């Protein structure tokens, strides 16, 4: 049995842990051989392979990123792409393929499975917005990095009677903002799922200053004001050169709060620091277990499935289930954070 | 409504997060008043109270330990203890009591509930061995601390061609060893649930040295050799003064491996470092949600229950369910770690 | 003897450690009394005082920020400011004042000392650009935070064949960039002391991609291109609203590199995360020793001096020496980093 | 020019940073070739070499341990050892040797230099007890790890009204105890340089319990009671089996304090965790600069020297200066810590 492995989409702490677990169990328990495809779907598309054995996966568990590299290549958007992939899989004698990735990568996997390719998927997104699984690996690492930044910013906010706005990742779903905001003791958390009212935000800010503490606002990069919300600086506006402004919602929010409340406000945009580096224990454990179960699914011939965490169990669900629709923050969960607002 | 709160047993990162969430929601949403009882069950027993309001819980979220202090006092082992507690609760006008603790603390809570006291429990143990809940807070912090130590020890092991034995907490259950061992890339993990064969351990050690890497062995403090296992140094043996030896299983195992394999071996006993200090994001989030739901259970008059994590939901289960029997590492889960042995 | 203490300017990890050491030794060894002035020079200017004794300084050693809060108020820019300060010091029976701060705060201290106020200074700046001392506290913490971010970004850069630009603090001096760049293994470090040539930067970027690694560029916020350097996006340009653009050198550099090399480039602006939170061991040790020596200087009547680190000794230098001119990165030190470029 | 490199003695965070800097500058600026000798002096003794070029040193900067491995082999204790080394250096065409190590490794280097071998030394010890240099790399990392452990233990001590004893490295010198004790806010620090009075220690413990806080005692592994100090458990005593007891000074001190004060006391022995893993920014910077200067010393033919930190400069001192006598904690520096006792 020869098994191909690839990683697609944005990098995410834990990818290497998945690869290592797949290879270790595959070789030790099942006697399989492995082929690494580089740069996501570009690997099988352009037949870029790397050796993948016990030696290659030694020592990679604590390392962020992916030894197989990644890309956002989508073979369905390239003419003849799917055929190329089938040819290259055949040429390499691949019996099964393990695809590790997010919505896009698994979306391709889903379609390929329908076309008869033996694919097993492993879900990956630091945003935690894939359906079908309680959590995805990478998310816990991102939340801890954001929380540690918030912890640090509390003291600077208080020393200067200042508002600190922390922009975290999350274009469509507010999971990182919600969890890091709760864990970091934020006074306001803004998520894409619920457009915010700038007046209400400023009221929380002012309420907070009545204590001896200073407000921290955690905002998803995808958060937006309610329609008609009177923000001076709007999303997507152009600068003098006709380009979209570089500043995101964090910068704009800080400026707006400063203008409205007269309190000094500063934004911190955490950016890519959230997705790099060594994974937390939770992410290493989850990623390892996803890997162990993915290769077991290959052995069982259980193709077209994706690994998922349910409670403390790793289960297999149809690929389509994980990629059908985004998992969003519910109003009930958001209400939990609101207890701590102001 | 006046609600008492106490924390019992060993300290655990996240206790303050529970207290804060209980108090914040209780005051803000339900208009309750709170009384803090100090030192676990000793508080209501000896009527030691501390003020507990919004001011007392500010800034405590990231702090380890418990602002209410703790003890291992068991009122059922003290004559007239239960009556004293009832009297003191009445004297303080307490309508309901939230007890945050492990097996012992919640065991007392269970019996008091049977005797008509309005108790709600919040489970706490860094060992993660309470039934009824997927995880307890404090566990994730302990596992991360252990993992970071293991990460550090890998380089020292390799530089010196040396065996490193890491003893972690877990008297009865091997959860910390299992999770930190998997996350840290240990070459052997030994847990109380499965007595170990010292010959097999030494074989793994020797196999590991055939690579360019050096072995790390993670062992629960409660791990024991198989009966008849020929360990020179036995558990519980006395020293020259008739006291039980200070050295635990970690020290003894390192010595034994050194004697048998001729390889230098060193033990590191992580000890109390695992249970102190600031909680991880996961633990702050879980503890906060336990707190929010505990005070909601009080509001609902849902006494005799304990909070539990199931997937991503916080549910209420009968107190007896969480304390009836220990949750142990299953053979299936242990087998997952074994993939990486040697 | 009554001693006033204040902290001015931007917050900096270690301020609380100084305050604690001053108060602990002052009370325990010399029997002094203390008065805390809040918000930097605004405290004595507006007579805002807080109690300052052993109780107030307990537990503050590991905490970032300053319990005395801070501001950038300059009494010499306020009519009658100096007289107000003298009056308020007299009204509070202050015999000596310890001012903890950077160039501005110590500049005021220098002038007040000339006017006969008994002042002792403690230097503080995360930028490390104060003359007269080998290091200032806060700097080591900032460098470690930046280095940890760079460590994380390496994996994300490599997984995506991407350039990562990390903007760190340092308006006038490149110490944080230099030290974190060396410690983080950056491939290019850009500092304010040496205008950069964008062509050379792009050559390093391209050279790096010829290995299996991806480039990380660390840039001080105050770094600038050489005159006539053909950067599309210039410093200080206005946006559609006539405001200075929000994006700093990091954003602009990433865009420029992307345009020129065709390689994807992303910027991370670390911002205020660098100056908040718990200090490193070095900073706690240095700040504590500065505090111990500052109160000893008060006892010795050695006013008009500032504490300074020389090797492993804390010495006293004239205040003017520390504030006379900025300490800049020398060409020799910069050349050390250049060994690793490309 | 062919240059050999070896690392000897206990591992220490920063060794890889030295190796990398030596090789990078040596190849890039001077066009040298390198040979790595494995396992300290055993390498040239038994002619165990490894390739050492730009590829081998990529990515090793943040990694603890040493890619050249280490040992405590001393060629002067092996018959014909020195001749073997000379032969093997000649056989490999080695023009100069860079030896990175502590007292023992540099002691050998000193003697070899006297015998005409072209040696340059780089000092290394986490204990910081080498003369001639302000600091050695590895020390800052060890101190930070110890401090973080102490930070964690504060909360557990307070929650349980308990004494925590933290044993840190330092057989002959108390630098790690002193720095981590000051940085961690310890209530007592015990170092080898000053035998301790157990009565005085217990008085500090009792004084501390009169506040709302609990005592943390930091003790060097080499600390000893004053002669005649009435410790029940003496150093080096034998157990029932005629072996030296496993428990060190930390365990014994905790037991003694518990017996005398009636307060619960627990020991944590940090052990090898202090010397493994990724270096701090300070250590990476210092190690890198030592490496850069060591290869410059080779170029200058400045043999028989050792690199040393003086203030912020790296200077060269005669090898004998660094290894002649241990650098110990002075009474003046110890007195600084005493301000915070009790």
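Going by the order they are written in, the chains are A, B, C and D; count residues from 1 in each one.
Heads up, the rule we're going with is that contacts are C-beta pairs under 8 Å (C-beta built on N, C-alpha and C of every residue); 3 or more make two chains touch, one makes a residue touch a chain.
Chain labels with UniProt names: A, B, C, D = Pyrophosphate--fructose 6-phosphate 1-phosphotransferase.
Quantities reported herein were computed from a predicted structural model and do not represent experimental measurements.
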Farthest-lying chain, centroid of Cα atoms versus that of subunit C: B
Approximately how many whole Å separate the CA-defined centres of subunit A and subunit C? 34
Find the geometric centre of each of subunit B and subunit C from their Cα atoms only, then give the gap between the two centres in Å, rounded to an integer. 41
Between subunit A and subunit B, the Cα-mean centres are separated in Å by 30
Residues touching two or more other chains, restricted to subunit B: which are they? 151, 278
How are the chains arranged in terms of who touches whom: line, ring, star, complete or other? ring
Chain-chain contacts as defined at top: A-B, A-C, B-D, C-D
Where on subunit D is subunit C touching in the complex? 21, 24-25, 28-29, 58-59, 61-62, 134-135, 140, 143-144, 146-147, 151, 179-180, 182-185, 211, 213, 278, 280-282, 284-285, 288-289, 292, 310-312, 336, 339-340
Which residues of subunit A touch subunit C once you look at their complex with the stated criterion? 7, 10-11, 15, 63-66, 69-71, 145, 148-149, 151-161, 164, 237-240, 245-247, 251, 255, 266-273, 275-278
